[in-house]
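In what comes next, chain A is part of two complexes: it sits with chain B in the first one and with chain C in the second one.
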Partner chain A sequence: MGEILRDYDVLGAFWMTIYLTFFSAIGALVIGTILAVMRVSPVSVLRAAGTAYVNVIRNTPLTLILVFCSLGVLYILEINLADPQSPTSIRDNAIRWAIVGLSVYHAAFVCEALRSGVNTVPLGQAEAARAIGLTFGQSLTQVIMPQAFRGAIAPLGSVLIALTKNTTVASIIGVAEASGLMKEIMENETASFAVFLLFALGFVILTLPTGMLFTWMSQRLAVKR
Partner chain B sequence: MTEPLVVLKDVQKHFGDLHVLKDINLEIGKGEVVVVIGPSGSGKSTLCRAINRLETIESGTITIDGKTLPEEGKALAQLRADVGMVFQSFNLFAHKTILDNVTLGPIKVRKVKKADAEKRAMELLERVGVAHQAQKFPAQLSGGQQQRVAIARSLAMDPKVMLFDEPTSALDPEMINEVLDVMVNLAKEGMTMIVVTHEMGFARKAANRVVFMADGQIVEENTPEEFFTNPQSDRAKDFLGKILTH
Partner chain C sequence: MSTQNVLFDAPGPKARARHLVLTVVGGLIVAGIAAAVLWKFNEQGQLEGPMWRSLFTADVWTQYLLPGLWATIKAAAISIVGAMIFGIIFGTGRLSHVAPIRWFCGVVVEFFRAVPVLLMMYFLFSWFAVQAFFDAQYYPIAATVIALTLYNGSVIAELVRSGVFGLPKGQREAGLSVGLTRSQSLRSIELPQALTAMLPALVSQLVVVLKDSALGSALPYIELLSQVKNVGTAYGNVIPAYILGAALFILLNYALTFIAGRIERRINKRGKTAGGTVAAPLPGTTAEDPTT
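Presenting the complex of A and B:
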């Protein structure tokens, strides 16, 4: 076991997992919030577009989305997210497209979590916001969404945990994250079972505190009515 | 009557098959206090909510201070800023402190500086008797206190007219008076008010006019004294008979 830790960059691989999780979480939160706003907006075209996005993306396997990002968008359409001349362009492109794919996929789940959060906000809150003269946008940013986020913390935590674990799919498009390294070690070494436990433990160390933090926050920040 | 501030003309509205507002014609003068009473389902809440377009109407016109209610958008938001609204269920912003509840409108809509808005908010909270609760959240206050904060929140916008949609119906009996006292004082200071309520005492004490609604129509309009002692229509006699015998 000591040899494995010495010969392979296990911490580096988990660092990549954290890196993917962090940026994908931000991306998913931004896209998901926009989608959620679209889905509760009074404009029917926006509502339909938001619903279509969620239905299509949520029901597509993540593997498909990432392979599409890599083979379809990067290699066939040749849309680069890194300078193609740079020596690390293959690695950088893979990482960045993985973040895009993970963001796009999890945005659908963030959207649904936020929408369930919006449903916890009583209609009267929106009416009161409009009654004091706030515009639709102001009602949303000042009154509805702050309460919706608080009501959605627990489901958002679940999305974040799922996202952390789903970063493992990025290994199929060549991102050197934890599960990719695990496969590599298992192919090269014999200590398969111990290696498996090591990586499983690594993910638990990442996700367990996340879950606890979100549970704590959901109680702490809950809107008292 | 002084010059009309709120004018409703031939207003019609349906909820599905139900004709909730039938040929509503009503003028409310500046500084006038109008109490709308009637059995539940008579359309009085809908009427109140239609005046700041929380309910849309199908035909007819509603004008406030000479301006017709605009379609949804910036212009409507501006007009709503001039119309205070107090709800049955208070609807204080649950995630904001009492002080922030009162300052939100002035800061975001009237673009008042935060310090000025807070100073004015504290004066208003003082006036409705909840200044010492300014840093608390709505859920920490009693219903009566919450409703008084809601009144202060409306007043902070310096509204031309205030709408009260059954402001005391969700309150425990011992809290009703503290809210009514605030409303009576407002009426004395000359605020134009449209009040949907079952509080006959308030109507007698503060109203200039009572509007009696039944089945979506305005059945009778009169001074409180006339209306309560000498109702003209059978519908009003029947209604008053039911509520005044207890």
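Presenting the complex of A and C:
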């Protein structure tokens, strides 16, 4: 065990997991919020586009999305996200496309979480906003969304936890994160329970505090009604 | 609150004009994205007829896609059955009145819910190779199915638990008052109702299993995604092949979602369970759960 910790950069691999999680979470939150606004908007074209996005992405395996990003978009369509001349371009491209794929996939779930948050806002809030003459945009940004975000904290937390676990899929397109390193160790050394438990524990350490933090926040920030 | 027609008034002339502008702008953006994608495809020669036509030859389907589809469905079917058995055992275990059983089941369920499915697959696959319990050709499917069973079984265990918690207290009290023991009442009164209530959530979990089975392609378990990749390599049409693969997955999952909706409406109409359906149990346990 000591040798494995010395010979392999376990902490570095988990750092990559955190790095992927952090940037994908931001990406997913931005895209997901835009989708949620589209899905509750009065414009039917936007509603339809938002619904179509969510239905398509949610029913597609993440593995397929990431492999498509890597094989299809990067190598066939040749869309680079890193300078092709740079010595680390293969690694950077893989990481960046993994972040794009993870963001695109989880945005659909962020959107659904936010919509469930919108559903926690009582009817009277929207009616009151309309009654004092706020437009749709105003009532959304001033009244509905601030409450929806607070009501959606618990489901957003489960999306974040799932995202942390799903970063393992990036190992399939060659990103050197935790599960990829575990696979490497098991191929080079041996498949022992100890190594598996070490990596499993790493994920428990990452996800358990996130879960507790979000549960605490969802109670702390819940709109008192 | 229902989102439609509540956030905004019936539009007046000004709002209608604004909506028209937004409709045109939104339509243009969507069309623009589609055009950019098609343009890029065309630039790299991905729109040429033969590339797409070769997807609809008999060989592609009989040699690649149908066996792949069958492998996916096989893994998903075995996993969901295994997951249900695991889920019912550990879900009721967590409701047991014997404290050590409750703790043990709690630790097992929480552990398998926290560990990424792919990590389990990688481990099981390497572990089977070391232990050599059975024939090597079964390693990929065994690793895929067992990892999916453990993860989804834990999710179903939580569904069982929340299903039983969702029942009115009177059900259990009635059981006890006619002289059943606590475990008898759990087995013959609460559990059957909880299972009916969680049927739609269970079918939705099948969507998760079906999508997750694509993780097996990393081992490699030769399922639909692996076969799609093979088609792309064999016919030199990677992008069309992946688009077709995605369409197959979407179609399959959409059908399952549709069935789940039908079951839910049917149960609600029949109204036989005391608790109604389990719509959204604990966070992270529904079909909304974004596991791969």
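As a convention for this text, the second predicted complex is superposed on the first by the 224 of 225 C-alpha atoms of A that agree within 3 Å, B and C clash if a C-alpha of one lies under 4 Å from a C-alpha of the other, contacts with A are read in each partner's own complex, and residues count from 1 in each chain.
Heads up, the rule we're going with is that a residue touches a chain if its C-beta (ideal position, glycine included) is under 8 Å from a C-beta of that chain, and two chains touch if they have at least 3 such contacts.
Computed from a predicted structure; not experimentally measured.
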* To do: State whether A:127 touches chain B only (first), chain C only (second), both chains, or neither.
  => both
* **Dominant toucher of chain A (residue count), chain B or chain C** => C
* After lining up the shared chain so the two structures overlap, which partner does A:219 touch, if you call chain B first and chain C second: first, second, both or neither? -> neither
* May I ask you to decide whether A:42 touches chain B, chain C, both, or neither, giving the answer as first, second, both or neither? => both
* Based on the superposed arrangement, let me know which partner A:88 touches: chain B (first), chain C (second), both, or neither? => neither
* So, does A:188 touch the first partner chain B, the second partner chain C, both, or neither? -> neither
* Is there a shared patch on chain A that both chain B and chain C touch, and which residues make it up? -> 42, 122, 127, 130, 136
* **chain B partner contacts - residues on chain A that touch it in the complex** => 42, 122, 124-125, 127-136, 138, 142-143, 146-147, 150, 223-225
* To do: Note which residues of chain A are touching chain C in the complex, please.
  => 39-46, 49, 55-56, 58-64, 67-68, 71-72, 76-79, 105-106, 108-109, 112-113, 115-116, 118-119, 121-123, 126-127, 130, 136, 139-140, 144, 154-155, 157-159, 161-163, 165-166, 168-169, 171-172, 178-179, 182-183, 186-187, 190-191, 193, 195-196, 199-200, 203-204, 207-208
* **Residues of chain C touching chain A in the complex** => 1, 3-4, 6-9, 11, 15, 19, 22-23, 26-27, 30, 40-41, 44, 46, 111, 114-119, 122-123, 126-127, 129-130, 207, 211-212, 214-215, 217-218, 225, 228-229, 232, 238-239, 242, 245-246, 249-250, 253-254, 257, 280, 283-284, 288-292
* **Of chain B, residues touching chain A in the complex** => 52, 54, 72, 74, 77-85, 87, 89, 91-95, 104-105, 108-109, 137-140, 150, 153-154, 157
